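Below is one structure, written out as structure tokens; comments come after it.
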Amino acid sequence: QETAVKFQLDWRFEGPSAFFLLPVAQGQFKAEKLNVTVDAGNGSGNAVNRVASGTYDMGFADLSALMEFHANNPTAPNKPVAVMMVYNNTPAAVFALKKSGIKTPADLAGKKLGAPVFDAGRRAFPIFQKANAIGKVEWVSMDPPLRETMLAKGDVDAITGFYFTSLLNLEARGIKAEDVNVMMYPAHGVKLYGNVIIAGEEFLKKNPEAVKAFLRAFTKGAKEVIANPKAAIAVVKERDGIINADLEERRLKLAIDSSVATTDAKAEGFGDVSKPRLALMASQVADAFQTKGRINPDAVWNGSFLPTAAERNIFAKK
Amino acid sequence: MAFVDFNGVWLAYNDELLAQGHYAVEDIHLQVDEGEFIAIVGPSGCGKSTFMKLATGLKRPSQGTVIIGGKEVTGPLKITGMAFQAPSLLPWRTTVANVMLPLEIVEPYRSSFKQKKAEYEAKARALLQSVGLGGYEDKFPWQLSGGMQQRASICRALIHEPKMLLLDEPFGALDAFTREELWCTLRDLQAAQKFNVILVTHDLRESVFLADTVYVMSKSPGRMVVRREIDLPRPRDLEITYTPAFTDIVHELRGHIGAMRKQGVEIAQ
Amino acid sequence: MAFVDFNGVWLAYNDELLAQGHYAVEDIHLQVDEGEFIAIVGPSGCGKSTFMKLATGLKRPSQGTVIIGGKEVTGPLKITGMAFQAPSLLPWRTTVANVMLPLEIVEPYRSSFKQKKAEYEAKARALLQSVGLGGYEDKFPWQLSGGMQQRASICRALIHEPKMLLLDEPFGALDAFTREELWCTLRDLQAAQKFNVILVTHDLRESVFLADTVYVMSKSPGRMVVRREIDLPRPRDLEITYTPAFTDIVHELRGHIGAMRKQGVEIAQ
Amino acid sequence: MTRKSLEAWSPWVLLVLILLVWQGICSAFNVSEFIFPSPARIWEQLLEYKAVIAGHAWRTFWVTMAGFAIAIVVGVLLGFLIGSSRMAYTAFYPLMTGFNALPKAAFVPVLVVWFGIGIGPAILTAFLISFFPITVNIATGLATLEPELEDVLRVLGASRWDVLTKVGLPRSMPYFFGSLKVAITLAFVGTTVSEMQASNEGIGYLLVSAGSAMQMGLAFAGLVVVGAMAMAMYEFFSWIEKHTTAWAHRGSQSH
Amino acid sequence: MTRKSLEAWSPWVLLVLILLVWQGICSAFNVSEFIFPSPARIWEQLLEYKAVIAGHAWRTFWVTMAGFAIAIVVGVLLGFLIGSSRMAYTAFYPLMTGFNALPKAAFVPVLVVWFGIGIGPAILTAFLISFFPITVNIATGLATLEPELEDVLRVLGASRWDVLTKVGLPRSMPYFFGSLKVAITLAFVGTTVSEMQASNEGIGYLLVSAGSAMQMGLAFAGLVVVGAMAMAMYEFFSWIEKHTTAWAHRGSQSH
């Protein structure tokens, strides 16, 4: 009989959500006797929260948000644990218009930056700041979809955001990609991990096989998505009729290229992490987010549910 | 023994007023025989409505006793029917449903209301017919004129065949012509059914035309200052109100009230 | 020539009613001399208030002409003062401010209102004093009893010294004793200032006591069916209402109305 | 006749006028879609996505109705509780005001933790935002009961319960129906706000999703649809109000 | 005496009761803070961050007052316009209902595009959400003017303007003040919602920022503070209402 899995996305149904919607639609989860329901989300923080409260069994969230939760809620029962890496490099980036004259991170000193308070790029900015020796900056807070508008209008000098989100949003506001100066965190000495698949502690204890099965099916799905983004977007379009298929396809490809199928990912293996890098990130996040306690990387990450390395070898050799 | 017996009744509306000695009515002594029709007249605010509340049991006296039908009054009585200055019909019920309201509340009708509904409704319709509201039974109160509403209100007060009918200025808001019509209706009903009536009014002609005994109340604190038996023969016709005998009684009562108003002194009973 | 002259006046309230031939009042002919006090009685809904609206110019006749003071009435007149059945005082103004209201509207007072405010206020206070409201000038209407409010309302109708006072059942809501007091107040004011009065009422005794001429209206469509001159000598004392001569006139008028009500036929004027 | 029909048409005339002015401004100043879309553009998007919008609108509609149904039940019961005693009225009223002044949007994350993404939080937000006017109106209807109407029954020795059911309940019906039309528009706001934060479906989701994709024409089309639904329900409840409690509206005017 | 003072204290008694039950449930089931913080925890956070909260609260307060001031001016003018003519009333009313049913949160992004991040959108959202009850009440006050009061002046040959200023205006004052207390609570909701979407300051910002840092206790403390401010302003305006339009409340009862 099937195991029901309630899955919480980090964001709305956009291109990258194909990684989860496709195996639902194409039956990879069904084949593993899983009945997976995927719900749209509104931020990694909320996704972590909802898995922690037991409302959802598993979810997709930024690893730094998960670390922050662990550090700030050491006594919480059912703390979520990361079981698989998806965005091996954080998609966080700083965007500035070329015409503003901001070329390097150092130019950001004294400038006005816009982002929601919960944005991963904004929260991790101290790490970026330290790595690039940037002076003080001023922050302006706003809802996520507003930041690109504000940048386009010139109300802020730069924004932080996910590379594949903000770049395309800026385009929708009439800013061409070549007019934007993008400073991706991984390219500027901030090799944080990005989004991971998380699962509640209790769910892990009760259904370890289901989690393993989930990750296996997910891996198969991911292979399909990477091989054929167009078909993957068709699945997303079915779920949310208003999306612009071409735009989301581009978004998905950007996500794959910048965060999923990266050189680092190929080196570490899809879905896995490198322990030293994880430990470094834990200490950086604890500093940057000013958490209550330090972060124990082993409590946050549990790689024992991963499929075999062979199964995870999904990147087409080029 | 009298049917209604007020024995040294005082009422203050609340504890504060009681403590200050502000009574709405003071030292009321009054006896009404079975089947007697009495009227109470007096200036505005003298305590007429207060007297009615005591007689129905809506208020308990601060001092003294009210005995009705041989029993001391301790709460609302089911043997009374009451009609107020405003018709107070429930606007969401048809006229006949309004008239039937007491039957839904008062025993023995209440417990048999569901079974005998048809019978009770026939009774209500007959009563409405008798006050000239035939054909209006299924209209809503707001579709009737003020006089018609008042008639329906009196029917409601009578439907459960109370032994005593209490009327607090029931004709106050009507025009003179409608009012005189209703006087005759009330006179005939009382003649037929012989229930007790206590009528509160401003109108001296009304009180003299209808009542066996008229009481005059003085202004605050309310006391009964004059008791006048009306010895006009019954049945009385409306024409009687234009006879000198009638006019004289009205004039006499008018004199008592005028004296009270001018000097503010009490006139011995 | 008469001061007020209604000449074959018909009124339908709106175009639809006009098309259907439903008139609120029909074929009114009526002349009032300067300084004359007339009263209009009739059953509810017969068109008394409609007549008043025609006389003030609040309504224009559908047919016929209304001439007052030699000029045809085409809109509200500043030479009239009006008091309604309800006192209609503005609750946010003190009594004296209510009385001064016409002076803020009507010329020639209006343009000099700011300069002569003190003078006008003294005048208003004097008027209030004369109807027994001394000491209540700075109270708000809702702090006064119904009778006091009605007196203030009459003061407001008189403050700008209108040539004509229109009263639409001004005493309807009052108790009998207060009402009689106000009759005397009105009688004395009119005797002193000699303005015209048109009084609409339900109360036959009131009309006979106060008026020089009583008109009886028939029910819809409203027509004037009886004109009765009251030849009782002036000044009239309240006691006169208990004399047989007075009672006879009331009885006679009552008869006209009774006949009208029973048979629904019109009685020749 | 003409005047009457002109009056009946006047809201439409005004609407057309507003749309013309709006379109005029957008065209004249060439306002770009992402700053403020023109009516023509909204209409275009409405037609293009009509199937999708209809699906989301239907979801929002029934979710709102579900929340509203709970609001009616809870609102009426609470209203009765509060209105039937002076003490309860003074005790509850200030706290309810305070609660009413909280932005219900702030509760959505908490509700999601309890009920997950989907209809749960939306139904509950619709309920939380709309029960207040119902409760207040029922309570006010009971608290302002004319003592004369009560005395009519008390004189007959009626129990408290008799008075409540025979007088209190029917007397508060006009207040109740009056509140429904206000509450239903609030319920739509509640559902939409909740869907904006936590849903895969509904007009609220459409707003956010279209907004973040900068399809402002589509987002405004969604807004127009909620507005229209709310207006229709308002008219519906005001029709019900007129037809069920005619006595309350004709009470004063005699024929 | 005792009964009266008990009544005066009853809201506080009820509040304490609710807090105790809430605390009891949180303690008994060991509800973690991020699911639903306990009153004790909220209080703790309130004390810990009192300076920060006070700063945000002050910002929300004055921004709300600014929006509310605009709402009063616009609401009154529009109410006069609509209430002074039957035609305007029928034309505007349905459209205003439709507008009122739109979630104002959806307008914030548009306002931000026009006015930038900061006080602009917050003031305008507070205004947009709160002018409606003011307008409706003023219009209703004028539309339900007793014809007798109007006739009092018309008989004297008063102009339309005279009637409006001497009767219409004062007559609608109780409606106006009655609407203020409702509108002020809505204005707080508007400010907070707007600040949640676009601001660096204010209770709305605090809610989002505390929420994203998982400090639910602090977020709830912020909610409690808006609720308290709104309640205080409600009581303030209801006091003003009682003292400026005493005549409307004592109208029926004679001395």
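As written, the chains take the letters A, B, C, D and E, and residue 1 is the first residue of each chain.
Criterion: a residue touches a chain if its C-beta (ideal position, glycine included) is under 8 Å from a C-beta of that chain, and two chains touch if they have at least 3 such contacts.
Values in this document were obtained by computation on a predicted structure and should not be read as measured data.
Visitor: What are the mutual neighbours of chain A and chain E in this structure?
Guide: D
Visitor: Determine the set of chains touching chain C that also touch chain D.
Guide: The shared contacts of chain C and chain D, listed by label, come to B, E.
Visitor: Provide the C-alpha centroid distance between chain B and chain C, rounded to the nearest whole angstrom.
Guide: Computed value for the inter-centroid distance: 33 Å.
Visitor: Find the geometric centre of each of chain A and chain C from their Cα atoms only, then give the gap between the two centres in Å, rounded to an integer.
Guide: Each chain reduced to its C-alpha mean, chain A and chain C end up 86 Å apart.
Visitor: Which integer distance in Å separates the CA centroid of chain D from that of chain E?
Guide: That pair's centroid distance is 17 Å.
Visitor: Centroid of chain B to centroid of chain D, CA atoms only: how many Å?
Guide: 48
Visitor: Touching two or more other chains, which residues of chain E qualify?
Guide: Correct list: 34-35, 109, 113, 211.
Visitor: Chain C: which residues touch two or more other chains?
Guide: Chain C, residues with two or more chain partners: 145.
Visitor: Specify, in ascending order, the residues of chain A that touch 2 or more different other chains.
Guide: Answer for chain A, listing residues that touch two or more other chains: 49, 53, 145, 149.
Visitor: Considering every pair of chains, which are in touch?
Guide: Every touching chain pair, ordered by label, is A-D, A-E, B-C, B-D, C-E, D-E.
Visitor: Applying the document's contact rule, which stretches of chain B touch chain C when the two form their complex?
Guide: The touching residues are 43-44, 145-146, 175-178, 202-204, 242, 244, 247-248, 250-251, 254, 257-258, 261.
Visitor: Spell out the residues on chain E that touch chain C in their complex, using ranges where they run on.
Guide: For chain E paired with chain C, touching residues are 146, 148-149, 151-158, 162, 166-167, 170-171, 173, 245, 247-248, 250-251, 253-255.
Visitor: Would you mind writing out the residues of chain A in touch with chain E in their complex?
Guide: Residue positions touching the partner: 43, 45, 49, 52-53, 68-69, 72-73, 75-77, 114, 116-118, 139-143, 145-146, 149-150, 153, 155.
Visitor: So in the complex, which bits of chain A are touching chain D?
Guide: 6, 8, 12-13, 39-42, 46, 49-50, 53, 55-56, 144-145, 149, 169, 172-174, 239-244, 247
Visitor: Can you check the complex and tell me which residues of chain E touch chain A?
Guide: 32-35, 108-109, 112-113, 116-117, 197-200, 205, 208-209, 211-215
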